[in-house]
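This structure is in structure tokens; I'll ask about it shortly.
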Amino acid sequence: MANVLEFHDVDQSFGGIKALTDVSFDIPQACITGIIGPNGAGKTTIFNVITGAYRPDRGSVRLNGQEILGLAPYRIARAGISRTFQNIRLFASMTVWEHMLLSQAPRTPMLSRILPSRAVAERGERMMELFGISAVRDRIAVSLPYGVQRKVEMARAYAMEPKLLLLDEPVAGMNHDEAEDLRQTLQGLRDKGLSILIIEHDMRFMMNLCDEMHVMNYGRKIAGGRPAEIQRDPAVIAAYLGEDA
Amino acid sequence: MLKSMMTAAILGVAAMTAVPVAVQAEDLTGKTVKFGAIVPASGPFAEWGRANTVALKMLEKQVNEAGGINGAKMEIVIYDDGAKPAQAVSMLRKLADDDQVLAVAGPATSSAVEVAFPVANQLGIVSVSQNSSKPGVAAANRPWGFRNTVDEAKLARLVVPFFAKTFDVKKAAIIYDAKDATASAAGAKIFPQILADNGIENLDADTPISFNTGDLDVSAQVTKLRSLQPDAVVLSADYSQAITVLREMKRQGMKTPVVGSTQLMSSAILAAYPELPIVAPTTFFAGLDVPAVKTFTDGVTPLMRAEKNLPGTIEPSLFDANIYEIVSLFAQAAKEAGVTAAPADLAADRTRIRDYMASESDFVGLGGKVRFAADGDAVKSFFIVQAKDGKWTSLETACSSPEADACAQ
Amino acid sequence: MMSSYQAGLVADGSILLLGALSVYVILSTGQLSLGNAGFMAIGAYLSSWLTVSAGMPLTPAIVVSAAVSAVFGLIIGFPALRLKGLYLAMATLGFGEMVRTFFLNFEPTGGAGGFSGMEHVPLWYILGWTAFVLACVMICERTRWWLEIRAVNDDELAAGLVGMNTTVTKLMAFMTGAAIAAVAGALLAHQNLYIEPGNFGFDRSTEFVLAMILGGSSLAAGSIVGAALLIMLPELLRDFVDWRIAIFGALLVAVLLVRRQGILDRNVFGLAKFWRRAN
Amino acid sequence: MGVSIFIQQVLNGLTLGAVYTLIALAFSLVMGILGILNLAISEIFMIGAFIGFSLIMSGVPVWLALPGAMAVAAVISMVIARIGYEPLRNASHITPMLSTLGFSMILQNFATNTWGSDPMQLTLEGWLDTRFHFGLVSLSVVQIVVFAVTLGLCVLTALLIQRTDIGRGLRAVAENRDVSRILGVRPRRMILVAFALSGLLAGAAGVLVGLHYSVITPYIGVDIGLKAIAVMIVGGATNIWGALLAGPIIGILEVLTVAYGGAAMRDFIVYGMMIAILLVRPQGLLGGSSKTSGGRV
Amino acid sequence: MILSVHDLKVNYGAIPGIRKIDFDVNEGEIVALIGANGAGKSTTMRAITGLLPFQGRVVYRGRDLAPMHAERNLANGLALVPEGRGILTRMTVEENLRMGGYLRRDKAQLETEIVATYERFAILGERRSGIAGFLSGGEQQILAIARALLARPKLLLLDEPSLGLAPMMTAQIFDFISEFRKQGLTVLLAEQKSKHSLAIADRAFLFSMGEVVASGAARDLAEGSLIRNTMMALV
């Protein structure tokens, strides 16, 4: 199985404080890979390195074999990596529908961005159906309930036709039913060939969702493997309950 | 000569306000003859505009009490332009179109005039500025634009030699307001030329000393002036700016006499540096000892001082006299050129007033005979005055036109 | 039939509308420019010089001036990328004042004495340009490209991560705004037939911003309302004579307090609906 | 003689710079804490000048006229805060800026109608009219008053900001509104305090300008206000000492440009310097990075 | 009972909402709120303190608290050490401590207490005139707690005090917290990592997805496998 992303030997520090120390993992094609770990373990830092917001001190990040480290964030996005944020970042002035249109724009030529396009509109409709937000299409996205905003953000990220989708705590603020719906949606996307990297604290959700998991603590990767293995890994349990370094 | 002119002036004003002489005109009883005025009653020159308004209201009353214009009531529609060019144009259009006035007095500032005169030409209506003295503005806007002022260039040409002789000036330095179009034209071009023509050394010819309208601090400029040790200072600025300079000169103890343009004319200048001889040309000042002026001043001063929005110590200015003359002239033109005041004749009436203004009329203003030269500027006598003991004193009388007898009666 | 007074107000309003639009385009990317009078001055002086001294017909002169002004927009916009919010506003304010000072001292265009000699343009010509620019902006508003502009305003970082080159977007907005302001300047010059540096001061820049914010900064149609209001209100308040400017100021504050988003917003026009389907 | 002229020009620049400093401080108190540009400060300064002028002309001694005018200016500033700023606190930073512009119009119109548009002049008498001469260089008592009052007010402001509970409260609100609230600071009250302080300083600047230049009009605020914004930027919008440094720098720069380079270039150089600072060092000369400077407002 | 929370609901902008939270705190207790990130602990804490609008009832010392009155609540003895510590990073350590006593009238007494604070937390004494933003995470956490104590709270809310801290430091912080009980202070503690919290708490409430899913004596919870199973989804 080919890897869509290879994240190798990355060190990242901020003013002397090490946020990531020698972190490596691979994301296989058409897989859901999870990153877990206590707050402040460095999970979001990994996202920020992948999307080009941070420049690590060392290491390499390859997308389908191409080095993407050092590219401008918008180039990395165009290369096929899209993400959601832990604290949702939607465009404050836009309706849900406008989010769907916008996220498809940057990778198309200028002229087609000005002219209406049937393909774009259809894809927008599909995205909204997929994440169950068609009913609120004309509402300003940031005025919607928290859980719905999460879905809009995911729909926006997915509308970009990414090769790799990064989700940062997507079920925070959702109830169990919503979370279950989301799990099925994401697994459906995986089955269609999408690769997903997900950060989430809700272990039950992750156990059911992920194909593979990596565990972070204090900026280091402390474990990696199948969910069932992780679940019983003493080091992981210790980290989670705060028992030990 | 002065005396005879003054006598004529009284007679003239008396004739135009008191005894209506209908020469060839029909009786207009029951009709209204409307004139317009554009004054800067808000903004940085609000006092001018507000004082202008008082003078015009007085004139309106005087004319109507004396029987109006061939029996018709005279009405002056007054608008405020805030000294803003765009508003001046708007008001000119409004006067011409909506109010259907026969002629317009104003606008005041040169910036507004520059923009309004082309519109006056477009609309075919006389527009006569009461303040603008920026060189060449009316000349560029024939045939409808007029100014009841004298171009600064013409005045300076006569004032400087007189001043130089009086104060024995061999070398002078110029300071001017670079942001004010009139002051900078005079300060940067006209005065240097005139100094040269009169054999006076211009000490800051290479690095002209200037400041900007609104500057509070001109200490650096005055220090520089002082360091040049001139016999005299040429101050080309509007009076409100000039005061700042004079105050700074006082602060720095500079005692050189100052000469300037008509822009200096204001009672406010008198308080700025009373010890200093300040010389300027003007066609009018409140203390002028001429009966016509006295009548005007005595009439208008209490009215102005009664206005809530004007200071209790205000005196009529040159511009009040100018705008009073302008509308007086309109009234005389309407009488003598035989306007019909009928809506259908509007264009013809306006042309009559213009032609009357352009012709050699016998109009006598407050300071003497007033005529308009081919370039649209007034030909009238003027006074070279000096600030002394808190009032203006006339040193010399001259005529703005080089032609002999131009100002004679 | 419009009286020439009303026609004059319409012309003034059109020019103000163009000025407001020039700020609007830039502000749509979240950048506040307090120096658009500077671009306006460039357009006014250059186009006047081209028509008067170089004998060029007006329309190409306007196009050339707009292009040159756009280059200045680029020159200003590029370093301005480093600045945000009020700091950017103040840098543009400084630029505007520098342009004004430049023309004050630039003798070939008359310096403080101003520049004249232009041919008068008819009202329809001004309206034509205004309608053209307004239509362009309003059509663009309904494209996905405009969504990108709004996205940069809403959240620049997220916009980048959706794949947008925010640098290019912001620069283009600056250039477009500069070009529109130059058109406004050129029309002003050929409407008034006389220009002087004092016409292009800080108060002019704030007037643009005012018209745009008052009308509603979320859509171009707002600027129409704002410009109309700014032109009409002082005329309507003439009865208050000495206090009209104070009353104008008080009304301004009142409108901002009651409708901080401006008189119009997207909801008013139902523009939030955008285009629903491609066909 | 060249040297004494130079010294005289530097003194001229320092006087001008002192005025800039006070107004720039007034701007930066509001800018640093609330992040808005209060355009009405220019006009509050102008009103302060007129109040001070009127008081002095009606025989009130200077040491009483100064605080009197400052108090009136502070009250006006607080009214603006309550009516024009607070309801718009959550709007974008442009909206409150424009509402302060509305207040500028009101204040300017009020001044024109109250005091007239013609310059108002003051004749100083007695000790205030004294000058000291050192060779060709001269220094007036009023200039010394201007320096002393400016320095005094800067030090007082700095002490207030640095050493008192109110000052710490202001800085806390400036840095983090929520944190300041859980520490018991009432942001609404701090906003009022910031505006009041800003009004006090602008009012003081007005009185000093009136005293020193002794000619004022309702339109003196506009240009000097823009310059003060430049001074604030050059010094660092959030640092008191920045304004104290940048005021004299710009003042002297202006004066020397006029003296040795020609007046025409003056504004070009001042605004050029502001832009250069914005591009090279947006935090201003003394701004420092957000963490290194304890002296932030 | 010093604090009781009934049917607390927060639904506000882009923060994870809470649906229905009920719990109570007795005088002199240390109560821990345990749960994963996003479970609603912080939202609960901020709502109680008066930083967020909420629905439901929060009764503190017999009085209903109105939403959004943080300043008044502090005056009544309810202090929060927020998640991320809420240090005023541009001020010095000493200034931060002074801010703790902002509402106090007895300034002289405050000065002595600040001196006492320096003695108790030596690191703060050493860095008293240093900029607080330059302190390490653990030092900042100590500063934040010390600052909150200077407001003389009756109920101290601590949101994730161990966040981003090394294990040694975490242990030290929890030691400090356990000392508070001796001074008669009531503490409400939100933590992701259960071990330290349960070790010092009397009772604990387990949060998940905006609701309280379990509660009990801290010792029982620590010894049982409920928390581990919930957190690791081992049910």
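Order of writing sets the chain letters: A, B, C, D and E. Residues in each chain are counted from 1.
As a working rule, contacts are C-beta pairs under 8 Å (C-beta built on N, C-alpha and C of every residue); 3 or more make two chains touch, one makes a residue touch a chain.
The structure presented is a predicted model; accordingly, all values stated were derived computationally and were not measured.
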Third chains touching both chain C and chain B: D
Roughly how far is chain B from chain E, centre to centre by C-alpha average, rounded to an integer in Å? 78
Distance between chain A and chain E based on Cα centroids, please, to the nearest Å. 31
For chain D and chain E, let me know how many angstrom lie between their CA-based centres, rounded off. 43
Rounded to a whole Å, what is the gap between the Cα centroids of chain C and chain E? 52
Please set out, as single numbers or ranges, the residues of chain C touching at least two other chains. 104-105, 242, 244-245
Send over the residues of chain A in touch with two or more other chains. 90
Chain pairs that touch, as defined at the top of this document: A-C, A-E, B-C, B-D, C-D, D-E
Enumerate the contact residues on chain A facing chain E in the complex. 17, 38-40, 87-88, 90, 142, 145-146, 149, 169, 171-176, 179, 201-207, 218, 231-232, 236-237, 240-245
Write out the stretch or stretches of chain E touching chain A in their complex. 11, 13-17, 19, 36-39, 137, 160, 162-164, 166-167, 170, 191-196, 208-210, 227-228, 231-235
Touching residues (chain side chain D, partner chain C) in the complex: 31, 35-37, 39, 83-84, 87-88, 91, 93-95, 97-99, 101-106, 108-110, 112-113, 222, 226, 229-230, 233, 237, 264-265, 267-268, 271-272, 274-275, 278-279, 282
Under the definition above, what is the set of chain C residues touching chain A in their complex? 140, 143-145, 147-148, 150-151, 153-155, 157-166, 218, 266, 272-279
Which residues, counting only chain C, touch chain B once they are in their complex? 3-9, 12, 104-105, 111-114, 116, 120, 192-194, 196-199, 234-235, 238, 241-242, 244-245
